[in-house]
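One structure below.
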């Protein structure tokens, strides 16, 4: 079984341990504009990355980014590669069993993108066709369990999945709708034919299971950032330029 | 192709970043070759000793690294070590460790092969003048077998360098990872970025490995002539 | 270890197992054929083809399979050349393996003692007969160890097909990990699956090597 | 007097800059045995290999059976069927049985019928005492047995000239005699032969003519009886002395 | 009479199930030369290697200079300095010069001073006519020269017994004499030696005692003069006959 030996005394990711270290290790994506990516000058940037920087700032420590793919987010926490995951991590019941999620900071649902020439607007159109997903995403889980007659192509990274779509390897691609909005803005030949699928879901920071210390701190932090309008600002800076006019901040961020 | 895709390299710091990624791969390869090489020589010598238990253990070590694909090794060390044994390393360190251990395993076989190919009567001649086992290795076996080891070792080095391409899968920001970042970040302007970036990385690896394999081949040929002449 | 996890994922692992075997089989078969042709070109020193073959060998041996596959699968379609994933994988394996096989076979052909060639000449054989009766039968047998090593090497390389979203063994394991997070179980199963393929194979190949060597050269 | 079977004229051969054979001229009469003697490295093997087209030579010519051969490959293939050769190394093809070894030449090169060729092969094997080994593989034979088969393989092509290059040099001492006796018998049957050997007693018994080589040149060319009794050159005398202890 | 320098008693040796030496017993007196004769595969090399601890044997014992040695490794290293050995294969270390080859033993094993050891080495090299090759590498030497150096390398350790295993078998015929003469000279200087050889004339000249082996057993153990004149066994007689052509 998995040893989850993160009791407070030996927890290398507790708030005090992080402060003592002077750095927090945060998992982010590296190839998912506009959430976590690297600009042409080699700087990490994006919505998640800005949040990560803010958290580090408020903890008064330096931030160290660890680039992950969707399917290593859990293991990165489990194996102490990172203290915190801010990589568009959707809260699901299965994941809750293996990591601890803090309060959510984004709303999301599954969307399906396809070429404008052959748009997919209904899941039934996908029967007997191929659909691209990213390993370890909610979209993959959703289609794997609900639609056995759609054949899935499972890629390791965002780059690979979008390239495969562009190369016409499948009829459509399913992923969190928020990226898809951003992606079609840059790729006008494609459309998000199915905007939402399945239940509404939330994206939240995640810590290693049992890391109460950091979890509590992050929860407080999210509430604080919500109050002082950080997410709105983050949205305007990092997401808005990538989304079309049919998306508003309220579709994405959580304002309670 | 609208405007030429090759310009993707001249956007911002893209070109330098790719080279930076290459440096990460090359550094890991180099460290692995260094550590693994030294360890491999020691293990290779140990494998020629007549200790059945030691031999079997080292043989198992070699076979494990031979049978398990490198991708799987990387995942094993990256995830299982910390979770099961509470040892935690950064991705780069895990990469270096896995490649070092792999290098050592293969190197031990090269060293062993070279040592046992020293003619038996050379060893016997050494024994006949009263050399002890250590002296046999020091004066007879090692000096006479290095020339056999070198070409195979250089070939192994190119394999290590080539295989660093898998580091991407444990989140090391290597040349391919940087390449993917670039493809994604520029995907709206450069629809054919994948062609150019992957093509370029292909050439980069070739430039790294080709001179080495040429050298290995030359040494091998010279070794053959030397042995017969 | 959670045995129910292992039990549940068995069917999907077995699928991946067969796919790995199938892709390996075609890739290795193609690589062996390509390697044979290349080594013949080099043996007979066919002009022009010979230069092409040696350029190919260098290109194939000095670049990683991962990049070869990326280029085939993601790069080439952007300039209008597109194959399905499994075909890309097999082509990649043939492209990579062909050069290794060619080197192995050439090594064998060159390893046939000069005295054998000369005694063939001395009884009046022509170049073709020499190849047909003396050099190829002996040389190909000499290259069996290299062939065996290449087979094992190429089977392992199919693990890289995971980047093409081909559900072979490694892809399957990584995928299951991404969905259900039982890392230990899935990785152990993965190692076991490769062991199940490679250990018996390596034993068989070693046995074959001995048999062939004895059958041909008597030692 | 009849034309000699083989006539070598001014043959020259170099490896790169290194002159290995210099102005070699001699004749071999039909039915006679020429023995090549000389210290190691003097060029005996090279000369014998030139006669069979296994080495290219730079100048000079070889007249075999009235036909002049240059160093170009074409002529050789046909000639080689008339010139048998046995080497020092046991050079049977390890992947074929004794019979297959012997039949390869007659069937593939001379396009003879298998039956007829096999009949001849068996009778030759019987002559060298090897008939029970027809189906054996070379690995099952001792060195001396291998050399006997190699001789049969060459004879099977019905050559007009046989070349022997130190065929007993790699044999265990006890095996030498059997092989040499076969060659002696061939001489009695008037086979034309050129023989390189280090066995002086054998050379004395078999050699109609002795060529003594040193540094690629023929120093002496003398009838056998005369050479061993009174070598003309000091070098040959010294050589003979060093040979018996 | 004094104790023999070497006494072998009931020595047995097998490779796996294959008995290679059976109940071998003999003595070597100080200053005498024993020659081992016998057909190929009779066990001569194996026996001589057992005497030097290069092969383990299953039973029996060896008494050297009053000290009994079993087949365990420990004793041998010290003994080997008193037992010199020269093999058939040219076994100089190719990565060292002639001088380095010779000095390796005295300096690393016997911990002697370089100066003194080198002086002895040079005088030994002079005796075998090789003093000008001290700085040459083995690849620059002919086979005969290599064997002379190998003899010097063994002598340099001042052994009390020398073992020679067919040291001229791989040599060019002209080179044989020079090497054998050196061994003959050693015999005259009363070096104790065991010699395996196929040169019958040499064996006759040097052997105080002849051991004739077959199939791992000693068939005859006779003074040299007597053996060549009247071998006791038919097998030895046949062997001697096959040896001269």
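We call the chains A, B, C, D and E, going by the order they appear; numbering starts again at 1 in every chain.
Assume a residue touches a chain if its C-beta (ideal position, glycine included) is under 8 Å from a C-beta of that chain, and two chains touch if they have at least 3 such contacts.
None of the values given here were measured: they were computed from a predicted structure.
Minimum number of contact steps separating chain B from chain C: 1. Counting hops only between chains that touch, chain C reaches chain E in a minimum of 2.
Placing every chain at the mean of its C-alpha atoms, the farthest one from chain D is found to be A. When you average the Cα atoms of each chain and compare centres, the chain farthest from chain E turns out to be A.
Measuring from the averaged C-alpha position of chain A to that of chain E gives a distance of 81 Å.
Centre-to-centre spacing of chain A and chain D amounts to 84 Å, using the average Cα coordinate of each chain. Chain D and chain E have Cα centroids lying 36 Å from one another. Centre-to-centre, using mean CA coordinates, chain B is 53 Å away from chain D.
Within chain A, residues 2, 72, 75, 78, 156, 160, 163, 166 each touch two or more of the remaining chains.
In chain B, the residues touching two or more other chains are 79, 83-84, 191, 194. Touching chain pairs in this entry, ordered by label, are A-B, A-C, B-C, B-E, C-D, D-E. Remark: chain B residues 119, 121-122, 124-132, 135, 139-140, 143-144, 229 touch chain E in the complex.
Across the interface of their complex, chain D is touched by residues 113, 115-116, 118-126, 129, 133-134, 137-138, 141, 215-219 of chain C. On the chain A side of its complex with chain B, the touching residues are 2-3, 5, 12, 30-33, 37-42, 66-69, 72, 75-76, 78-81, 156-160, 162-163, 166, 186-187. Looking at the complex, you find that chain C touches chain B at residues 58-59, 61-68, 70-71, 74-76, 78-79, 152, 156-157, 159-160, 162, 170, 173-174, 183-184, 187, 190-191, 194-195, 198-199, 202.
Those residues of chain D whose C-beta lies close enough to touch chain C in the complex are 52-54, 77-78, 80-81, 84-85, 87, 89, 91-95, 104-105, 108-110, 137-140, 150, 153-154, 157.
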